[in-house]
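After this come two complexes, each holding subunit A, first together with subunit B and then together with subunit C.
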Partner chain A sequence: MENNSPALPPKQTVKLRINGAEKQLELAPWTSLLDALREHLNLTGTKKGCDHGQCGACTVLVDGRRINSCLTLAMMQEDKEITTVEGLAKDGELHPVQQAFINHDAFQCGYCTPGQICSVIGLVNEGKAKTLDDIRDLMSGNICRCGAYVNIVKVVQEALERSETR
Partner chain B sequence: MRPFTFSKARDVSSAISDVTSHEKAKFIAGGTNLLDLMKIDVMTPRHLVDITNIALKTIEENEEGGLRLGALVSNADTAYHEQVEKRYPLLSHAILAGATGQLRNMATDGGNLLQRTRCYYFYDTDTPCNKREPGSGCSAIKGYNRDLAILGTSEYCIATHPSDMCVALAALEAKVNVTGKDGDRVIPFAKFHRLPGDTPHIDTNLKEDEIITSIDLPAKGFAEHYTYMKLRDRASYAFALVSVAAALEMDGDTVKEARLALGGVAHKPWRKPEAEAMLQGKPATRGQFQKVAEAYLEGARGYGYNDFKIELAKRAIVRSLEQAFKMEASS
Partner chain C sequence: MKNEQIGKATSRVDGRAKVTGEAKYAAEFNVPDLTYGFVVSSAIARGKIKSIDTSKALAVNGVLQVFTHENRPGYVWGDEKYQDKDSPPGSPFRPLYQSEIQFSMQPIALVVAETFELARYGASLVEVAYKQDAFDTNFEANIEKAYVPEKYKSTPPPDPRGKPEKAFADAALQIETEYTHPSEHHNPMEMHASVAVWEKDGKLTVYDKIQGVDNSQQYIANAFGMDKEEVRVISPFVGGAFGSGLRPQYQLFLAVLAARELKRSVKVMLTRQQMFSFGHRPKTTQRLAVGAAEDGKLEAIQHDAFAETSKFEDYSENVITWPGVLYKCDNMKLSHKLVGLDVYTPLDMRAPGGTTGIFALECTMDELAYKAGVDPVEFRLKNYSEKDQNQDKPFSSKELKECYRQGAEKFGWSKRNPEPRSMKEGHNLIGWGMAHGAWEATQKEASAKAVLSPDGKLTVSSATADIGTGTYTVMTQIAADTLGLPLQDVTFLLGDTSLPKSPLEGGSWTVSSVGSAVKAACDKVREKLFKLAQQVENSPLKDAKFEEVRFTDGKISLQQDASKAVTITAALKQNGGESIEEQVDSKPADKQDNYAPYTHAATFVEVKVDEDLGTVKVTRIVSAIAGGRVINPKTARSQILGGMVWGIGVALEEEAVMDNNLGRFMNHDLDKYHVPVNADVHDMEVIFVEEKDDIVNPLGAKGLGEIGIVSVAPAIVNAIFHATGKRVRELPVTLDKLL
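Here is the complex of A and B:
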C-alpha cells in the first residue's frame, strides 16, 4: 500500500533512535512504530499480534516506559530512546529478565515473550507493583495464549526483588 | 490505514491553524483510540496534526486551590502523581481501573475525554450505526446490547461512553479548558459530553477547531470517603458493565455532601444531582443509600440483553456508598 501510487501523500524523513543507534528512514506517515521496526529495520523480535493494542505482543520501551508500538506512528517517536527486545542483552549476556524467562520456564511458543519481557522491565521501572494481585493487574496488557501466566508472575516477582536489592 | 498527510504542531495556535486549514483533519496525541479506529476504517481523517510536542504536560496548582491537569499528561502520570493520589484518590483509582499499563502510558488526559464508544456495532463497518454513519440506523437497539446503555438513550443510539477517568471527573465536577479559533472557553464537565438524541455522531460539545488544553480539578477532592467500583466480566482490562464513582463528605455519621457518577450505563458519565441531594443531612444508612439508588435509576430502560444492568447499577450504588462511608477497600 505504501508504494507505487503517485496520488499517495509523500513519504517523510524520520529519525529514530533504536537500541542506541540512529536510524534515518523514509516512511509513509501512516507507518506504525511496529511496522517501522519490523518491515523497515528488520527488527522482527517485536511481534505483531492483534495490531490493536489488545495483546501486548508489540510492547517496546520508549524512554524506559512500556508502550504498544502498534498504536503509535513512527513519525511521533522521533527524539526518543526506543528499546526493543533486540537491545536488551549487553556484551553477549542476556538481560536478567530474559534469563528469568528461561529459568522459570515462563513461555511455551514464545510469540508473546518479547512483549512480555519489555512489559516486565517497564513494570519494574514504574515501581508500583507490591502484591501478586498488583502484578497480575499490571501485566494484563500482555496476553499469553499458551497460558504461561503462573511462571510469568514468578519472573516479575524475581525482577521486583532484584530491583529492590539493587 | 487509509493514507493521510501529517504535520507536527509546536504550540496550540499552530495546531488550531493546522487543523482548520486541512480537510478532514484531526489532532493526534496518545493515538490509542484514534489509530485503532483508523485501522478498521471507522475513522478516516485525511490529515493528522501531532500535538504531542506542545507544552501541556504538567500538573500544577490552579487558582481555586485544586489541580490543573495538562491535556497531554499521560493517564499513568496523572494516576501516579503524588498530589492526585493524595488529594484525588478517586480519580487515581478510576484511571487505574481502565486499560493496561502500556495504554495508560500512551493515552493522554485530554484524549481520555474524547475516546469513542466501544459499541460493537460502531466498530463493525458491515452493520448500520448512526454514530458512525448518521441516518443508517442503530443495530444495537434490537441487537446484542449487553454492554450498552440503560439511561439517557434515544431511538437513534444506545452507546455508552467507555471512560473510567471521566466518571471520576464527573463526580469531582471538573472543568475542561479549551482553546479554538474563537478563543478560550471553559466547559463544566457535565456539559462536555452529550446525550445521543438525534445526533449520536456528535459525542461532545467540543468544536472541530477546539483543542483541550487542561482539566481543572476543584479544591474539594473527597479523599476521606470515596470509592471507584468497576463491575466487569474480568478483573482487569475490560470495560465496565457498570461503574460507580462515589464520594462523601461526612460529619460523623451524617452526610454533608454526596457525589455519585455512573459509568457504563449512558452516553456520558451519569449524574443526577437532585438524587445526590437526597442524602444531604441524612444518616449514612443502607436504607438511605437504597432510596438514592432507586432515584438514580428512575427512568432506566433495558433493551433485552442489558436489562440486568438496572438492578446491577442500583446494588453497585448502595455498595459503593457503604464502602465510601466505611472506607473499606474498593473492588
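Here is the complex of A and C:
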C-alpha cells in the first residue's frame, strides 16, 4: 500500500512564536495556522467557524494586526509575534477587553468570543474607528450568531476611550 | 424569604472560561492518539450510488480507513433504533445504511486518517458513480399536493370553532393574504462535531455538540446495540445551536462507528458547507382569510399553513396555533399541511413555528388594521384575548397590555402618523411598525442533585445544556438563593450523562424545568440543614419552626430576629463530617393543567429605507417582554437582544436558496447565506414588564430563549410598509422587492 501512495508534501520544521513562547513543530506545509494552533498545539481558544475567512471566529493577532488564522499557513507565520486569546491575560489578570466582555455580557455561547476579543484589540491598534458606524463596520468581519452585537459595541467604545486616555 | 441572588443582574459564572479560551467545545478534546474523520457528501439529491471507489484514498499514507455503505458493519438497522427524543414521525435517516441517496449532500463516506489534512485530502480522492433519479425539491410546484400527516410532531390543529366560513362571508371587512417564509439554516458559529474516545475496556466517552447529552447517549446505545453504561456523553459548552443540536447529527454516528471499528479515538467536525446538509427551518406558505366588523373587531380567522418536510419524516411545528392564543375571535379554522420534498427533514429552529406563523399573522393583522383605519396597538387591544381559545384555558398570567403601554411609550409611538410614506429624511423613507407575539412557557420533568459538603460548598448538577442561554449562571443563582450562599460557594455542573436526567435544552423550558428541580433539591437540603441547626448546642433555633427561618449570608436565622442565627457550617458539623446529598425528580404541578402558560412580547420598530437603492436599515427596536420573574436581568436581556438580531435576519437577510436543477441549497456558506453582522444592528432596547405568576412553576419564571424573536420580523415588515407603502409578503425583504 505504501508504494501506491501519492506523493505527500514532506513535513518540515516550523518555528512559531506564540504568546511569547517559542514553539517548534513538525508540520506538513498545508497546515493552516488555525489547525496548527488547535490540533498541534492544543491552543483551542482560537475557534473554527467556517475555515474559509467568512466568520472571524479564528481571528488572532500577528504582530498586533488581526488576521483570520484559517486563511494563512502556519509556515508563513515564522518569525512573527502571534497572540491568541490564551496569551492575553497576564499573571492571571484578564486583559481589560476580556474583562469588558464579561462586564457587558458581550457573548452568549462564547464561541465567537476569542475572535471578537482579538478583533477588538486589533481594531484599537489600527486607530481607524472614529464613529459608532465605524465601529460597527470594522467589527463586521466577526459574526456572532448569538447576536451580542449591541454589547460588543459597548466593549469597543470602552476600549477606544481607554486607548485615548493612555 | 429574602431574594439575595434571584433577580440580580449577574455576570456569567462561565464568563472567565469563555474569554480566556479555557471553555472547551466538542471538537476541542484532543485526547492522545486522536484520528480525524472527514465526511464525503453526496453530489446528487436522489438516486443510488452505483459504485464508490475508495482505493485512491486508502493508498494515501496516513489514511486509516474509508467507511461507506459497502463496508460498514451490520448493526441492528431498524427504524426505531435510530429514533431520538426529537424525531418526527417517520423513518429516520440512517447514515451509511444503503446505496440510496435521499437528499443532496447526504453523507456517503467517512475518511479517517492520522491528521485532519490527510483525511480531507483522502476525501477528495473518493470516486463515486451515481445513478440519478428524478427528484422533487420545488416547493411551489408541490404545494397543491400538500397532505395532512397521519401524525403531527407538533400540536395537531384544533377543531374549528364557530362558523368561520359564514362569519367571513358576512364580515364588513375582509382580507385574504398569502405569506411565504423561506428555508433557513441555524448556522451556530460552532460547526457540529463529535469526538468519540475509545477507552481501553471498549467503552466510549463521547464529546458531542448536542442540546441534551441523554439524547446522544440513547441514540448511540440503540444504533450500536450498546448498553447505556458503555457510552458516556459529555458536552460542557455548546457554541450555539438554536435547535440544530436537538437531534444527534450524523457526525456523531460516524465518529462512533469509526472509533468502534478502528479501536481508536476519532474526531469528526462538519464543514460549514455541510452545516446546510441537515435540519433547517422549513419553507412555509400561509394563507389567511380574516374578517372583521367596520371598527376592526375580529369576526373570522382562517389560517392555513403549507410547510416543507422530507420524504422520510413528517416534521411539523406550531405555525397556525397563534391566532387562537393572540386574538379573541369566535370563528376560527386552522390547518397545517405538509409538502414532502427530497430534502433532509426540517428541524426546530429558534421559536419553531412561532417565528413563521406570527410573522404571517401579524403582517395580516397590520393589513387589516389599515383597512379598518385603526391604530395597530388599538387594534390589538380591541381584539385582546383573555384565554388560549385553542385549549379553552385562561392564561397563567398575561401582562401584554403593559408591554404595549411601556413599549409604545419608550418608542414614542403616539407621535406616529399612520399615513404610509409620511416620514422622510433626505432620501430615506422612515417607517414605524409594531407587532406582538407569544411563546409557550412549559415546564417538563427534570431531575437535579445538590451536594453540600462539610466546608459549606454546594455542588448542584443536572444533565442539561448551556447553549449560550446562561444555564450555568441562572442555576447557580437559584441554588445560591435557596440556601443563602454566596455565588462563589456554588458550582453547577451540566452536560454529562453521569448526572441526573434532564429534558432536551430547548423550547424555552430549561429555567422552568431544570430550575424548578434545582430549587426543589436545594429546598430539601434546606430542611435537613434546619434540623441540624436545631441540634447545635444551645441552638437559638431550637424552638423555631421551619417557616420562621430564612437562609441568608451563609446563616440560618429567625426572620423576626436576625441575631438568632446558626451558621450553615456550624449546622453541617452536626452531620458527622458528611455531606448533605439530595436528589429530586420534579414535575409540573397538577394545577398547571387548568391554565395556559405563555410569555408575551410587543415590539416597536423604526426602519429607514433608501428610496433609490431599496436598502433597509433597522435603526431602532424596542421590545417589551412579559416573561414572569426574571432570574438574571443581565443574561435575560442578552437573550432577548439575540432574538431581536435574529428577527432582523429573518426579516431582511436569511434565505437558503434551493436550486431546483440540482436539488441543493446553493448558498451553503456564510458568504452567501447572510446572517446579521455588527453593521446591521443599531439601537435596541429591552423592557421587562413586571409579571407575577405563581402557577407557571415554583419559580414564577418563564423561559426567554424564543420570545425575543417572534414579533420582530413582522414589526420590521410592517414598518417597511409604513415607510414605503409596499406590502412585501415574501421573506426576506431584500432590496429587489422594494424597487
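Definition applied: the second predicted complex is superposed on the first by the 160 of 166 C-alpha atoms of A that agree within 3 Å, B and C clash if a C-alpha of one lies under 4 Å from a C-alpha of the other, contacts with A are read in each partner's own complex, and residues count from 1 in each chain.
Heads up, the rule we're going with is that contacts are C-beta pairs under 8 Å (C-beta built on N, C-alpha and C of every residue); 3 or more make two chains touch, one makes a residue touch a chain.
Here the structure is a predicted model, which is why all the values come from computation and not from measurement.
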Superposition-derived comparison: subunit B or subunit C, residues of subunit A touched: C
Which superposed partner A:A28 touches (first subunit B, second subunit C, both, neither): both
Contacts of A:R65 with subunit B and subunit C, given as first, second, both or neither: first
Which of subunit B and subunit C A:T13 touches, first, second, both or neither: neither
Which superposed partner A:C144 touches (first subunit B, second subunit C, both, neither): second
Subunit B versus subunit C as contact partner of A:L73, first or second or both or neither: first
Subunit B versus subunit C as contact partner of A:R136, first or second or both or neither: both
Common interface positions of subunit A, toward subunit B and toward subunit C: 1, 8, 28, 30, 51-52, 136-137, 139-141
Subunit B partner contacts - residues on subunit A that touch it in the complex: 1, 8-9, 12, 28-30, 32, 51-53, 56, 59, 65-68, 71-73, 75-76, 119, 122-123, 126, 128, 136-141
Subunit C contact footprint on subunit A (complex, rising order): 1-2, 4-6, 8, 28, 30-31, 35, 38-39, 42-52, 54-55, 57, 84-86, 88-89, 94, 98-99, 101-103, 105, 107-114, 117, 133, 135-137, 139-153
Complex contact set, residues of subunit C against subunit A: 11-12, 14-25, 27-28, 30, 56, 58-62, 115-118, 125, 187-191, 237-242, 269, 271-272, 467-470, 634-635, 637-639, 641-646, 669-671, 675-679, 681-682, 684
Residue numbers on subunit B that touch subunit A, as the complex places them: 1-6, 8, 28, 31-32, 35-36, 38-39, 48, 50, 52, 76, 80, 99-103, 105-106, 235-237
